[in-house]
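Shared chain: subunit A. Partners: subunit B in the first complex, subunit C in the second.
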Partner chain A sequence: MKRYTIYLGCMIPMRFPSIEKSARLVFEKLGAKIADLEGYTCCPDPVLTRLAEDEFSLALSARNLAMAEKMGNDLLVLCNGCYETLIEAEEALRDDDLRARVNGILANEGTRYLGKVKVRALIDVLNEDFRPGEIAAQLKAPRPVKVACHTGCHMLRSKLHPRDRVRILEDVAVASGAEIAAYGKELDCCGFPCAIADEKMAMDILISPKLEAIKSSGAEAIVTGCPTCLYQFENSEAALKKLGKETDIPVMHILELMALGFGFSPEELGLELHRSPVKTFAQKKWGDVPG
Partner chain B sequence: MSDVVAQIQAALGKSVLSVSSPAANRWFLELGDTSAVQTAVEHLARQPATRLITVSCSDYPACLELLYHIDIGEGILTLRVKVWKPSSMNSITAAMPAAELIEHEITELFGLEFTGNPRPNNMILSESQSQLLPLRNRASSLETRMDGNVANIVEHGSTTAPSKRVMKSRSAIGMPENPPLCSVTCPGKNIVFEIAESSGTVSRHPNLKKKEGGQ
Partner chain C sequence: MKNPPPKLLVFDPTRCTACHYCEIACSYSHFHVIDLAKANLHVLTDPATGEREVAHCLHCDNALCLEACPTGAIYRDEVTKIVRINPMKCIGCKSCVAACPVGAMWFHEAEGSARKCDLCDGDPKCVKYCSPGAVRAVDRAAYLKELEAKK
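Showing the complex of A and B:
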C-alpha cells in the first residue's frame, strides 16, 4: 500500500475544506494511506513571508520537513505554493552549514532536520504513482464536462517544461472524465501575487483576459491544482460581476473533479464555500449520485 | 567647480537648495521649485557641447523626484527636483527636443503630466492601460501585507484562522473543526514565536507578542 504524509497548508483547510475532504476520499479510493502532519505550521507562504523574513521562513519550513522526516513517508503537498516553498527549502537545506544554522534555531523545540525527506507535489504523485490509467479505473460517475485547466505558476518553475506541466494536469483531468477546452492562455498567471500590490493591474492585464479566453473556449468549468489560484479566480469573478462583467464559471480543484468522478456526491464534499457556482454546477452534473 | 555649474547656480539664486560634487566632473544641483528646471535647461541649451542624457523619476509618498542628467561637456550635471503630487511639470522639449520621448515615458509609467510636451500618443502602454501607472510605488501596502502575514503566522501558525463558517462546514462533512496545525495540536506552547525570536523576526516586528497559552 502506498503511504504518504499529507501537508494541507493554510488555504485548503481554512478556506476550501471541500478540497481537503476530496483529498482524503480520493486517496482512500486509490488505495493509498495518508497520515496527517500533526502540529504543522504555515509552509510559510512563498510570496509575502519568504520575501519579508527569509531565515524565519526557512526555519518554519525546516520544522515542517523535520516532522515529515520522522514519519518516514513521502510528504504529499496539496498546494502549489506550499510545494514551491517546501521543495526550495529542502534543496537549500542540503547545504550542511545552512542546515546546521537552521537546526540551531529549532534547537529549543528539540527539532532537528536531517535532510532526508522527499517533498512531492500532488499532481506529480497522481501522475507518477497512480498514472491516469489507475485514476480512470476508479471512475464511477463520469460526466461529459468540458474544462479549462490552469496549472499555476508555482508548478511551472520546475525541471519540467511548462507545457508538460500543463499536459500532466490535463491528463489527470481527462482520466477523471473531463474533456479539455484549449484556450491559449494556459501558462498565464492567475494574477494573485500581482493583485497584492495592484489589484487593478492584475485584473486588467492578467485575470480578465484569461477569464474571457476561457469563456470563449466553451469551457464549462476551470480546473486547477492550486488553491490560491482558485481563490483568485473566484474573487475576481465576484469583482467582475460587480462591474457588470459576469463570467460565472465554476472553479474547481482537480481533487474535487476526481472525487465527483469517483462517485462521491456534491453533498459529501461540502462545496458551499466556493464563491463561484461550483455547487450548482456539481449538482447539475452529479446530482443524481447517491450520497 | 565648473564654470557652467557656477553660472547656473548664480542664475537660479535661491532656487538652488544645495550643490554637491561627489566626484570629479560630477555635479548635483537640488532645486526648490519646478520652474527653476526650465530656467536652467534654457541656459544650458545655449552652451556648446550640452546634451540631455536622460531624465529619471522616483516615486515617494508625497512627491515624484525628477533627476535631469545633462552632459555639459566637462562632466555631468544632474538637476534634482521634487514635484509634489498631484501637480504637473513644465516640458523642457522647447529647449531640449530629446526630452520628448523621456517625458512621455514618465507620463505613462508614473502619471506625471509634462505641460507642453508635443507627443500625442502613448509609446509603451496601450491607451486603455493609461491609468495603470506601473512604476508608481506600491511598497507601503505591500509591506503592510507582509507584516500582517508574519503576524498571523506567529499568532496562529498559519496565514489565516478558520472562520466559524469554515469550522461548521468542516464539521458537516465529517472532519475536525480545526486542521492539525500546531496551534491546535501543541496547546500551551509558543513554538512559532520562539522560532521568530531566534531568527531575529521578533526584533524586526516589535508588535509581535508572545501569546499567553501558546499559539
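Showing the complex of A and C:
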C-alpha cells in the first residue's frame, strides 16, 4: 500500500476545506494511506518570509521536515507555495554545515533534521504514482467537462521547461475524465503576488486577459492544483463582477474534479464554500450521481 | 575566500509568468518595502500582445551611465564587474537616467539619489525567487563568449 504524510498548509484547511475533504476521499479511493503531520506549522511563505528572515524561515521549514522524517513516508504537499518552500529547504539542508546550524536552532525544542525526507508535489504524486490506470479505475462518473488548466508559478521550479511542466496537471485532468481547453496563457501567473504590490496592474495585465482567454477557449471551468491561485481567481471574479464585468466561471481544485469523477456528491464535498459557482456547476454535471 | 566569477543577469521570456516576484524581492531586499516602483528591474508586458521583456542593468562594458555621471558617483567594481552608485556622491542630476539605453537607472526622489541594480553583491534575489527560472545569473565571461560565437 502506498503511504504518504500529508502537508496541508494554511489555505486548504482554513479557506478551502472542500479540497482537504476531496484529498482524503480521493487518496482513500486510490488505495493510499494518508497520515497527518500532527503539529506542523506554516511552511513558511516561499518569498516574503524568506526575504524578511532567511534563517528563521529555514528553521521553520526544517522543523516541519524533521517531523515528516520521523514518520518515514514521502511528504505529500498539497499547496504550490508550501511545495516550493519545503523542496527548496530540503535541497538547501543537504549542505552539512547549514543543516548543523539550523539544527542548532531546532535543538531548543529537542528536534533534529537528518536530511532524509522526500518532498513531493501533489501533481507529481498523482502523475507518477497513479496515472493513468489507477485513476481511471476509480472513475465512476466521468463527465465530458472542458477545463482550462492553471498550474501556478511555484510549481514551475523544476528541471522541466515551464511549458512542459504545465502539461502534468493537464495529463492528470485528462486521466480524471476532463477535456483540455487550450487558451494560450497557461503560463501566466494568477496575479496573486502582483496584486499585493499593485492590484490594478495585476487586474489589467494578468487577471482580465487570462480570464478573457479562458472564456474564449470554451472552457466550462478552471482547474488548478494551487489553493492560492484558486483563491485569487475566485476573488478576482467577484471583484470584476462589482465592476460590471460578468465572469462567473467555476474555479475548481484538481482533487475536487477527481472526487466528483470518483462519484462523490457536490454536497458531501462542501463545494458551497467556494466563491465561484463550483457547486452549481457540479450539481449540473454530476448531480445525478448517487452519492 | 576566492571571489566568485563576475555574473550577468539574463532573461528568458518563454519562462516568465509575470508573477513579479523578482521585483518584489528586489524592492524588499533593497528598501524593505513591497513596491514595484522601487525595484531595480522591471517586468514589462505589452498589453496588446502579451509579450514580455525585463528591463534590467546589463553592467555594460562601456557603461553610459558611468560616462554620463559628472561627479564620479557611478563606478565599476573591477573584481565583480558590477557597476555601482555611491549615493553620497550623487548630486541628483539624473544624467545617468537619461543616458541608460535600457531604462535600468531610476531616481529615488525621497533619497535624492539615482539607483540601480547591484546584483545583490553577486547573489541576486530576483534570480533566487524566480520560480520558473526566467531570470538567471550567468557567468559573465562565458556568456559573452557564447554570444560572440553566435554572431
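Just so it is clear, the second predicted complex is superposed on the first by the 291 of 291 C-alpha atoms of A that agree within 3 Å, B and C clash if a C-alpha of one lies under 4 Å from a C-alpha of the other, contacts with A are read in each partner's own complex, and residues count from 1 in each chain.
Definition applied: a residue touches a chain if its C-beta (ideal position, glycine included) is under 8 Å from a C-beta of that chain, and two chains touch if they have at least 3 such contacts.
In this text the structure is predicted, and so the values were computed from the model without any measurement.
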item: Subunit A as common anchor, with subunit B and subunit C clashing or fitting; value: clash
item: Between subunit B and subunit C, more extensive residue contact with subunit A; value: B
item: Touching partner for A:I196 - first (subunit B), second (subunit C), both, neither; value: both
item: Touched partner set for A:K2, first subunit B, second subunit C, both or neither; value: neither
item: First (subunit B), second (subunit C), both or neither touched by A:D204; value: both
item: First (subunit B), second (subunit C), both or neither touched by A:L48; value: both
item: Partner chain in contact with A:E84 - subunit B first, subunit C second, else both or neither; value: second
item: Subunit B versus subunit C as contact partner of A:E268, first or second or both or neither; value: first
item: Shared subunit A contacts, counted only where both subunit B and subunit C touch the same residue; value: 48, 51-52, 196-198, 201, 204-205
item: Complex contact set, residues of subunit A against subunit B; value: 8, 10-11, 13-15, 17-18, 20-21, 24, 36-42, 44-45, 48-49, 51-53, 55-56, 59-60, 63, 104-106, 108-109, 196-198, 200-201, 204-205, 268-270, 272-273
item: Touching residues on subunit A, where the partner in the complex is subunit C; value: 46-48, 50-52, 84, 153-157, 161-163, 185, 187-189, 193-194, 196-198, 201, 204-206, 209
item: Subunit A-facing residues of subunit C, complex; value: 14-21, 23-25, 27-29, 34-36, 45, 47, 50, 125, 129, 131-133
item: Touching residues (chain side subunit B, partner subunit A) in the complex; value: 128-129, 131-132, 134, 138, 141-142, 145-147, 149-150, 153, 157-163, 165-166, 169-170, 172-175, 179-182, 185-186, 191-192, 194-196, 198-201, 204
